[in-house]
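In the two assemblies presented below, chain A is common to both, partnered first by chain B and then by chain C.
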Partner chain A sequence: MKITIDAEKCCAAGQCVLVAPEVFDQRDEDGVVVLLDAEPPAEQHDAVREAAAICPAAVIEVQE
Partner chain B sequence: MTEMIDTTVPAAPAPLPVQPPSGCPFDPPTEFGTLRAEEPISRISLPDGSWSWLATRYADIRAILGDTRFSSDTTLHGYPLSGMTGGASTKNRGFIRMDPPEHTRLRRMVTREFMVKRVEALRPEIQRLTDELCDALERRAGEPVDLVEALALPVPSLVISLLLGVPYDDHDVFQRLTGKLLSRTIAEDEREAARGELRDYLDQLVTAKEKEPGDDILGRLIVEQQQTGEITHDEVAAFAALLLVAGHETTANMIGLSALTLMRSPETAERLRREPGLIRGAVEELLRFHSIIRNGPRRVATTDIEIGGRLIRAGEGVVVAVPSGNRDATVFEAPDRLDIARPNSQHHVAFGYGIHQCLGQALARVELQVVIATLLRRFPTMRPAVPLDEIPFRTDMAIYGCHSLPVTW
Partner chain C sequence: MTARPIAVVGASAAGITAAEALRRAGWEGPLTLIGDEPHLPYDRPPLSKQLLHGAWEPERLLLRSKEQIDPLGLELRLGTRATGLDVATRTLTLDDGERLACAGVIIATGVAARTLPAADGLAGVFTLRTLDDALALRDRLSGGARRLVVVGNGVLGCEAAAVARELGHDVTLIGRQPVPMVAAVGPGIGELLAEEHTARGVRLLTGEVAEFEAASDPAPGAPAQIGGVRLADGSRLPADLVLLAIGSEPAVGWLADPALDTTDGLGCDAYCAAAPGIYAAGDVARWEHPLHGRPLRFEHRMNATEQAMAAARNLVAELTAERAAEDDGTGEGAERPERRPFAPVPYFWSDQYGLKLQAYGLTAGADQVETTVLEHDARRAVALFGRDGLAVGVLACALPPRQIRALRAVVATPVPWEEARERVREATTAG
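Coming up: the complex of A and B.
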C-alpha cells in the first residue's frame, strides 16, 4: 500500500487522525494533515482505507 | 434577451419536511423515505415562494457537498436563503458562507484551535465541568429536573465560551439570541433584530479584547490576524458569532436526544456501562441516528451539473437532507435501528461533508463522549419524568432536539 496526500485540499477536521493515528497527524500551526508513514504495515491498511473513505475533502489517495 | 431561470414554483411542491412520523420523535420525516425511493432529487418550496432542489440520497448528498461547483456563497444569485437560519447576515457572513480561496484562508486561521490533539488535551477540563454540573444535579435528587438546562446546554456553552474568551456570565444573552437565530418559526425581522443584537454584543466584546487580548481564540485572532492586517475588527466579530452559535445548540441537542434515547433503551445503556470502550462508536451511531441538522446545508449550483440523473442548472439552489442521507439503507443496514456497534456508523454525514465539514467535530465528539458516559455512570436510574408525548420536540428549530427534558432518578 502506498499513500499520497494532497494537503492543499485538507480542511483539517481530523477524521483521518481519529481513525489512523499512527499514519496521520495534524500540523500544529494550522491542523493540516501530515502523513507519518506513506507505506504503512499491513495491520494499518484497514484503518487507512477507512480514513480515505471518510476524509471529507478527498485528500487521501491509496494505491494498493 | 438572456435566458431567465424560472424561479416560480412549477408543480406546487411541498415545503421541506420537518415533522417526524407520529409516534416516533426520533425518526426523520416519513417523506424522506418516499423521496429517496421515488424522487431522490426533488423540488421543495421555500417560505418566500421560490423553490429549491432537495437531495435525499446519501450518495447524492456526498456528491453535492464534495463538489465546490455547488457554492456556499450566500451572496450569489440563486442561493436558497429563504427560511435559512443561522448566525450571520450576508455582510460579514463568516467563512461557512464563502467559497475557496477566502473560505480556506479564513478557516485555516482557526483550524488548529479545533484539531484532534488540542481537543483531546481539553478532555480533563470537559470532564471536570461535567462532574461539577453532575454534582449540582445530584443535590436535586427527588425533584424533576430539566436535563437540557442542567447539563446538556451548559457543557457546550461553558466550553465554547471558555475557548473563545466570551464571559460565561453573559450566557443568558447569547443563549437567548442563538435560540432566536435558529428558530424556524419567528418572523424574518425578529431574526434580523436578534442578529443585530448579537452583532452589537460581540462588537463590544471584540473592542474590549483589542485593548486586552486574552489567551483565547478571539485574543489570538486579534493579535495574530487582526493586528497584522490579515483581517478586520468586523471579521473577528464574524468569527465570534459563527463559533459561538455553532458551538451551542448543536452539541446541546445531541446530548439531550442521546440521553433520552439511552434512557428509553436500558439494554443499550447497560451495555455501554459494562463496556465503556464502546462509547466512541456509540457517539458516532447517535450522531447518525439523530442527524440534528434539519434545515440544510444548502448550496447554489455555479454551472449546470447532473446529480442523481437530474440536471441542476447554474443559479439553482439545493437543500441537502442530512437526516435522510443518514437513514439511507443502501449505506447503513437496517438504518432505523440504533446499533452502537454498527461497523460503518462513522460514515454518517451528520457533520456535513466536503471542505465545509464541521470544524468543531472533534470538540463535539469529546463533549458527547464525556457527558454521555458520565451521565450513564453517575445516574443509572435516571428516567424521563413525563411521557414521551409530553416532551417538547424541536420541530420548529433548524437544529432538532428537545426544548426541555424533564428527568428524575
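Coming up: the complex of A and C.
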C-alpha cells in the first residue's frame, strides 16, 4: 500500500488522525494533514482505507 | 436470469462512497450507480469556495479518477434520473422508461436548491448547488466588478458572499435573520462573522425579498436581465447578479411509494433503512440517531461519506441474512455480518475569508448556547450548544487543531451541561 495526500485540499477535520493515528497527524498551526508513514504495515491498511473513505475533503489517495 | 444488482441512486459524495463501501463489504454482484448530472462524482463544498473563487478548476473536484472507478466494476449511469421506486419488489424506474429490479437500493439523491418563482425567467439569477451552477456564476463574476445581491444569509450565502467580495465585487447579503448563519452557529459567533463580513465590505441587510425587477432596457430578443431586488419594506437594491441561497429541499419527489416516509427527507431507522432492502445516505436521509433520540438529517459533507459507509455495510448484512434464510430456511448461520446503528459525531466546517469554523455534534436545534470570545479581533471563539440540559454540540472559530480535537471528545456523546462547560474551558485554555 502506498499513500499520497493532496494537503492543499485538506479541510483540517482531523478524522484521519482519529481513525489511523500512526499514519496521519495534523500540523499544529493550521490542522492540515501530515503523512507520517506513506507505506504503512499491513495491520494499518484497514484503518487507512477507512481514513481515505471518510475524509470529507477527499485528500487521501491509496494505491493498493 | 442474471443476478439482480444493488443500485445506488445519486452519484455524488454519498453515492460513490456507498458504491465503494458495498464492494469493501463483500458485494460481488452487479452494482449500478445512477446520477442525474452528466459529470463523474465530484465534491460540492469547494463549489462555493475554491471553484467559485477560480483557484481550482473542475477536475480538482472529482472525487475519484476514472482509474479509481474502473476496478469497482460499476454500471455507471450518468445523466440518468430515477423517477420511481416500488418498495415491495425493489424495482426502480428510470427516466428512459427502464425498470430495474434490484437486490437492494441505496438512495443518495441529496437535496436541490430552493428557488423563488418570482425570479423565474430572469437572466443573472443563480443558485449554487451543482458544478454547472457554480461555473455559470463564476463566469459572470469574471471580467469586472458587479453588483451581487445574495439572498439568504445561511452558510452557503455567507461563503459565496465572502468569495465574491474577495474578487472585488460589490456584495449585499440579505437574510430574514438579523444575525447571519444564526441557525448553524448561534448568535455569538454569528455576530463575530457579521463583523468580519462588514469589515471586509459586505453590506448586511435584514429583510425579505418582495420581487425581482428586470433591468430597464433589456436587450431585444434576449431574456430580461435582472436589474434589482425590491424588498418587503419597499426599498430597492440595484443588482447585476442575484444568488439565491435560501436553502434546499431533499430530493424525494420521485419517491411516491406509500411505504416510504418522505417528510423532510427519506425517513430511516437507526440502521439507515427506509424499508427492507432500501437504505438512504447523505443529505436526503433522515434517520434515528441512537444517542440523540430524535430523527436527524444533515447536509454536511462528512455525513455523506460516513452514512454511505454505514448504509452500505448494513445493506450487505441484510442481503447476506436474506440469502442465508433462503438457503436453509432459518436465516441462522455462522459468520454473518451484523447490522449496526449509525451513531456518528456530526461534523461540519465552513471557510470565510481566512476564518475556519468547525463544529462537532449538534448545533442546530439547540435551546441553550454559550459563546466564549477568546480573542475578539482574531474572531477566535468557541460556542457550546445544549438541549434539554445536556451539551450536544460545540463550534470553534479560528481555534488551533489540537484544541478542536479535544472539543470533539467533549460532545462525542451528550454530556451534562456544567461538565461540558468545564471541559471546553480546559480545552481552550490549554497550551
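Quick note on the criterion: the second predicted complex is superposed on the first by the 64 of 64 C-alpha atoms of A that agree within 3 Å, B and C clash if a C-alpha of one lies under 4 Å from a C-alpha of the other, contacts with A are read in each partner's own complex, and residues count from 1 in each chain.
Definition applied: a residue touches a chain if its C-beta (ideal position, glycine included) is under 8 Å from a C-beta of that chain, and two chains touch if they have at least 3 such contacts.
Values in this document were obtained by computation on a predicted structure and should not be read as measured data.
Chemist: Contacts for A:C11 in the overlay, against chain B (first) and chain C (second): which applies, first, second, both or neither?
Modeler: A:C11: touches chain B and chain C.
Chemist: Contacts for A:E29 in the overlay, against chain B (first) and chain C (second): which applies, first, second, both or neither?
Modeler: A:E29 contacts both chain B and chain C.
Chemist: State whether A:K2 touches chain B only (first), chain C only (second), both chains, or neither.
Modeler: neither
Chemist: Should A:R49 be classified as contacting the first partner (chain B), the second (chain C), both, or neither?
Modeler: After superposition on chain A, A:R49 lies in contact with chain C alone.
Chemist: On the A-aligned overlay, A:A57 touches which partner chain: chain B = first, chain C = second, or both, or neither?
Modeler: both
Chemist: Hey, what residues of chain A end up touching chain B and chain C alike?
Modeler: Dual-contact residues (chain A): 9, 11-15, 17-18, 26-31, 53-54, 56-58.
Chemist: Once bound in the complex, which stretches of chain A touch chain B?
Modeler: 9, 11-15, 17-19, 26-32, 50, 53-54, 56-58
Chemist: Residue numbers of chain C touching chain A in their complex, please.
Modeler: 13, 17, 20-21, 24, 43, 45-46, 60, 63, 68, 300-302, 305-306, 309, 347, 349, 351, 356, 358, 400-402, 404-405, 408
Chemist: State the interface residues of chain B toward chain A in the complex, per the touch definition above.
Modeler: Interface residues on chain B, with respect to chain A: 65-66, 107-108, 111-112, 114-117, 346-347, 351-359, 361-362, 365.
Chemist: Given the complex with chain C, which residues does chain A contribute to the contact?
Modeler: 9, 11-15, 17-18, 26-31, 49, 53-58, 61
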